[in-house]
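Just so it is clear, A, B, C, D, E, F, G and H label the chains in written order, and each chain counts residues from 1 on its own.
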Amino acid sequence: MNADVIMAGFGGQGILMIGNLLSIAAMEEGRHVTYFPAYGVEMRGGTANCTVVISDEEIGSPVVGRPKACVIMNGPSLGKYLPSIREGGDLVINSSLVDPAKVDRTDVRLLSIPANDIAREVVGSQQLASMVALGAYVTVTGVVEMQTLFDCLPKVISRKYEKFIPLNVNALKEGESFARHHP
Amino acid sequence: MPATGRIEIDFERCKACELCVPACPKNCIEIGARINAQGYAAAFFARPDDCTGCAVCAEACPDVCIEVWR
Amino acid sequence: MKTEGKDRFKRQVFSRPKSLVDVKSHFCPGCHHGIAHRIVAEAIDHFGLREKTIGVACVGCAVFLYDYIDVDVAEAPHGRAPAVATGVKRAQPDKFVFTYQGDGDLAAIGTSEVIHAANRGENISIIFVNNTTYGMTGGQMAPTTMLGQKTSTSPYGRDFRKDGYPIKMAELLATLEGTAYSARVATSTPAQIRKAKEAVRKAFDMQIKEMGFSIVEFLSTCPTNWGMKPIDAQKRVLGEMSEYFPLGVYKERKQADFL
Amino acid sequence: MRLATAAAQRVLMKGNEAICVGAIAAGCRYYYGYPITPQNDIPEYMSAHLPPIGGTFLQAESEVATINFILGTSASGKRVMTSSSGPGISLMQEGLSYMAGSELPAVIVNISRSGPGLGGIAPSQGDYFQAVKCGGHGGYRMPVLAPHSVQEMYSLTMLAFDLADKYRNPAMILGDAIVGQMKEPFEPVAYESTVDPGKPWALTGCAGRPRQHVKSLYLKDNAIEVHNWKLHRKYLLMQEKEVRFEDYRLDGARIVVVAFGTAARVCKTAIQWARGEGIAVGMLRPVTLFPFPAAQVDAAAARADVVLVVEMNTGQMLEDVRISTTFHDRIRFMGKPCAMPTPEEILGEIRNLAGKRR
Amino acid sequence: MRLATAAAQRVLMKGNEAICVGAIAAGCRYYYGYPITPQNDIPEYMSAHLPPIGGTFLQAESEVATINFILGTSASGKRVMTSSSGPGISLMQEGLSYMAGSELPAVIVNISRSGPGLGGIAPSQGDYFQAVKCGGHGGYRMPVLAPHSVQEMYSLTMLAFDLADKYRNPAMILGDAIVGQMKEPFEPVAYESTVDPGKPWALTGCAGRPRQHVKSLYLKDNAIEVHNWKLHRKYLLMQEKEVRFEDYRLDGARIVVVAFGTAARVCKTAIQWARGEGIAVGMLRPVTLFPFPAAQVDAAAARADVVLVVEMNTGQMLEDVRISTTFHDRIRFMGKPCAMPTPEEILGEIRNLAGKRR
Amino acid sequence: MKTEGKDRFKRQVFSRPKSLVDVKSHFCPGCHHGIAHRIVAEAIDHFGLREKTIGVACVGCAVFLYDYIDVDVAEAPHGRAPAVATGVKRAQPDKFVFTYQGDGDLAAIGTSEVIHAANRGENISIIFVNNTTYGMTGGQMAPTTMLGQKTSTSPYGRDFRKDGYPIKMAELLATLEGTAYSARVATSTPAQIRKAKEAVRKAFDMQIKEMGFSIVEFLSTCPTNWGMKPIDAQKRVLGEMSEYFPLGVYKERKQADFL
Amino acid sequence: MNADVIMAGFGGQGILMIGNLLSIAAMEEGRHVTYFPAYGVEMRGGTANCTVVISDEEIGSPVVGRPKACVIMNGPSLGKYLPSIREGGDLVINSSLVDPAKVDRTDVRLLSIPANDIAREVVGSQQLASMVALGAYVTVTGVVEMQTLFDCLPKVISRKYEKFIPLNVNALKEGESFARHHP
Amino acid sequence: MPATGRIEIDFERCKACELCVPACPKNCIEIGARINAQGYAAAFFARPDDCTGCAVCAEACPDVCIEVWR
């Protein structure tokens, strides 16, 4: 089963971290995977985005023009990527910062999740909004097992912060349960 | 004493770097809540009544967002 | 909104210089490149040079000079702006020619070109923006990086035993006979900005008076790569940076014939 | 050290970093360079990882200085590497010519960008001529390796060091922004040297032996002609012994795609799809651009109906394909300068060609 | 002025000086350069002759600075020239790539010497790849003219200025120590421009018009791809319109020699002798190395039994011959790197081939 | 003949230094390159450095350094000797590394490399032979060419308005923090030769003591391209040349740690 | 009729001048001609030499390995070029500085002319020794007309020195008559 | 006063640059008539009796042709 996703938001929202986590999880499940970050002048203006491609076959291009899915964490990114999503694709938006009304496409499966609010109020840390969103994305698409994500957290979180791993697990789970209850 | 000057801040140009805020001797400027298209919470002219039109804020703005009248 | 302002206060005491194109810049929030650009545009307006100016852009965050300054602009390879400017000025001695370069551009790869342009007394003006790092490429170490400063290629901090000391270009170039004017300025306070404007005008005036090579070094900020808030970046300029790179005029030629 | 953990299992790593891990594994302890997008991960990685293992990272004031630092350290008998991109590599051409003339080994990495000139940072294969025909003066040659995956960024870097030492010649890794910036799982298979580590020619001070020199100047009589023939024999030997390529689904292929690096990667997807549609298409992927797999290309062309050359430029390797075979009339070209063709575009082209056949 | 007397009648002149006379006749008033053997006569001549006619001679501190002086003066809309040899030309590669990318005309003269590296000052054709495939990054091209006599040093220099302006591209004269240092009688035929002198793109200050730029950076979307295709169309146009070659006794030739520059000169003697012996041999001499006379080579190969490529290197133009024709089996090569083959040697080879035929 | 000498006068008070290979040089009659070579060889003998030395040759009349000095030698591209020496020294910090460069090599094309080697405080020694011209290529103008001096590329004499002033490298490099020692000497009188020997020893000693970058500039002659008899060439050095390029020590670091 | 000659001596002996004169004369007679001087490092050590090729057909190489003739003005040059002269070729040596005894080849036509002495004593200027030798060479080989040489002198002698043209004519003539009387 | 030193000049190495001639305080050296293989009229030790062995000549010789004994 093949999947690709573009994740985008402000710098500092942890976009590259969830992209990495997803990629490592896919790798651990024995899949082919590529992760491509924005680089060079694209980095300007405090935005961050990355593309993850997961496949059972050898992967060609790590860059996709028309992604099967998008995880959009801030307003500006919606305008930039909404048009590119494939028909019938999945769109996860962070409704805490992105206005669902702005999603003018009916041919994509939309999940609006107030990631910042969930992270702040339920998980207890704004920082983990993107983890919440990742949990939701993985639940919606099932590209990898949630458990694998949990197991791989130590690989993306440095020793120094390992005490926060449980918190990250919660964030992923909150995203998962929200996605389950808002199909 | 009434304002002897007035400024205008270009909402869309502003990058919310905050350099104008401490620059103003009269403390007339603050960073706002509204986010502009660039994604920045632009500065705004918070205390017009204290403005002297000294243009220090405008000189300090790297993005030339501020115009000043006297 | 403008009308609103106009009704009570008629006289506009600050507005965008004519030679500064009215577009949004690509610079990061709080980056002083924006101030240096404005000061250059103001000086061009001051002398009425816009229609006889050829600017030479460097490769660095200021590479888009041609999008911002409303004059003819040539793009130079990284570090070679003084050589390109020489080619332009020799072909058009009646035109006004300036370069705008970063510290990686001028003090690293472009060392030879700037030194020999100065030594020839090339009648051009150079705006040199020193932010102690390679901004555009993501904050690597530059020859101007401060001792102990951590950058993406000096993760353990710059050590003079390995990389030597930050190079002082304004002083170095001032020692050359062909240099008519060399000064270092900053733009972190209103007073500094005033001085910086004077310096740029002096430098341009040297060229107009055909006195030879002129350069103004700006101590600038790179909040993004310094990992600082713009306001703290300014504090760094006012603090350790101007301590090591003293502000001031290092050379000012008085009469044109310098025999 | 990352390397240690790396040795343990598959890791997800950036292509540029895999080059560094490969270099360090191959015993490279000296890196000199100058920043340029899209390869800054390399100097940044080396600046962090060489000092802890007693290695030396030094940032040069320019690429001209860089290649001459490299020359000096190579002349000292040490394994040394640099990396850059188009404009910087152009500035190294004189130094590369001197190193080839002085028979000095080193690994030069070009994570290429768009050109000519400042161009842009979009991925490109526009530096093929510069790398493969050698942009410096005097007509020297060097092994040019074209990785198309993070795994190869690692393994071909190790190979590059061996080839450089084996032939006492600079060797180049020609990558691009895509393979340099992407992360992929890769296995840090242990390095096994294929060359004798001895470098009796190195300049180490003439203690207990006559003085010796590293130079490229040959003035007396026809010494320079003799030297050129010697170098030429070396290049012929490379062509005889060092050709490397990948045969991707070539069996029974009526359409043979010839592509390298990132372009070849994208072609693989297109070929997977086309095979799915029952089109007999495969790919011959040159891994060594010099020496070029000329005989293999000729053989494939002889068996196929069409040879489709795909490059991220306007047609450079295309010339080596024409040199390699006399079946010029079977050669088709699909080029995209400074942009990666999509699998869809390539599939379209393959379908056309397949259609034409029928 | 020498030029004046020159205009009058045939004069005996050094090849390097004939280039200067041609350049000045073509309206070149700006010369920048850096000394290097064997082309010093050029800067020396220009330093003496430009000032009196209001021109500018400026010695640069290096070849890197030189090519950027050139860029600046070219961007000002003036005809400008530089000259150097191998090592210096290598240092100009980045600048040449920028000029090609920025579409700036200029004439670059390479009076080549032996390489690689410092090599030597013996005559050589080892810089063919660098000149013809273009040693800078990004895969640009430029017209490369190969004079084989003092007369051509003069006339091809004038042509180079026209081609440069016509296509807004650098153009190169590729000579060598022999044709540069020798004196021969030549006729300073008057220069007749074939191009419109207007350069509206030049940077002259934006008086009465919007500001304009000279640049090679294209970042937005696929602007750099579009730019590359534009440049490519220009190169195709050159190939269509600017091919120049000499047909030397090709009529009925069973053996076709392909050689350029000094090598072609020596071949002429050998061919004279061989024809004297009744051997049907002739020569196709490419005058433009880019664009290469591919169709002509192919046609000649189709008619001949053997195509003998003669170069003062180990085989570089040889590749363009293989690209041009599918008669690979008819191609033979005779190379002498960094040395001029003697007419005797070439005659010997021709005799062998003629023998083989019978 | 030797025996003849030996019989009455036993003690040899002057002989060829051990590190100076016993071959005929290619230098023109009276060229001071020969003296500089001898002085370098004497200093190598003095410190017993021969077997741990790597020399770096320039491109110029001194390109054949490896034929004359009996040590390992690397050939550098024109102007790049300090960069090559950096590569050698970083790889072999325990070895003694020096470059020998002409004024075209060091002060023109090699400007950037020498300045940054000095600025890094690279622990190498540089022998810089200034003969105000490009000797090997036939006497073209160099950045060090004197005002008014006619050369093959300044047929009307060097004019500061066009080519600027002769550049003073010893002074310029002395201004850099990383420079441990910088001096200018000449070899036109016995006294000057004595001073030159001292300077070279000092420079080498700086490297031995790991104090950083050291350079000795020799005011030399080029009788061939100056079109002068060797004796007159020496007079020119003693006259106008040392007037414009004053002899002396411009920097001498005292203690190793230069913080 | 084809000819080629290598002329060699000390710098300052006027070697390049006579090479030039001969070449211009040949040109004026409508012949193909090439003149190739030593250059670069070859110039070192105060020696000068040049090669002149004259032909009725287009000339290939301007450099000849085995010259038909040599004009040798100093000792060192004899050793360098004597072996290369073709069998039956012409060798003109300046016996004032070159020892004829050193000519150990019998298969070349040798003319020993005391050019310096003739120049000094008969013509009145040492400087013109090489002109004397040229006169002799041209007489021996007849590659060009003497008259053409006379006519071309103004082309190689700058205005400043044109008063010396008659002297040069004499030198050429002295060389000619010496050659006639020593066949 | 008799010679207190002696020099030897390498005839074949000498390039007749003449620098040693004025260098000698005792004026012991002259340029000779014999031409060496390099084509130079080498210097020779003309007045051995005046030599002090001061070695100034040797120091002055760019071609290291002179050896000195005392």
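By our rule, contacts are C-beta pairs under 8 Å (C-beta built on N, C-alpha and C of every residue); 3 or more make two chains touch, one makes a residue touch a chain.
Given the structure is predicted, the values throughout are model-derived calculations rather than measurements.
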item: Subunit H and subunit C - chains in contact with each; value: F
item: Graph distance between subunit E and subunit H, where chains that touch are linked; value: 2
item: Which of F-H and C-D has more C-beta pairs touching across its chains; value: F-H
item: Whole-Å separation of chain centres (CA-atom averages), subunit A against subunit F; value: 64
item: Mean-CA-position distance for subunit H and subunit B (Å); value: 86
item: Averaged-CA centre spacing for the pair subunit G and subunit D, given as whole angstrom; value: 57
item: Interface hub residues of subunit C, defined as touching at least two other chains; value: 28-29, 63, 75, 77, 108-109, 111-112, 116, 136, 138, 143, 162-163
item: For subunit G, residues contacting two or more additional chains; value: 41, 45-46
item: Subunit D residues counted as touching two or more neighbouring chains; value: 37, 58, 61-62, 64, 87, 94, 98, 102, 117-118, 121, 215-217, 219
item: Interfacial residue positions of subunit G with respect to subunit H in the complex; value: 10, 45-47, 74-76
item: In the complex with subunit D, residue positions of subunit A that touch it; value: 20, 23-24, 27, 32-37, 39-41, 57-63, 65
item: Complex contact set, residues of subunit E against subunit D; value: 64, 85-87, 89-91, 93-94, 97-102, 112, 114-122, 124, 126-130, 133-140, 215-219, 222-225, 228-229, 231-232, 313-314, 316, 319, 322-323, 326-328, 336-339
item: Parts of subunit E lying in touch with subunit C, wherever the complex brings them together; value: 30, 32, 56, 58, 60-62, 64-65, 68-78, 80, 94-95, 98, 102, 203-208, 211-217
item: Touching residues on subunit C, where the partner in the complex is subunit B; value: 1-2, 5-6, 8-16, 20, 24-25, 27-35, 38, 190, 193, 223, 229-231, 234
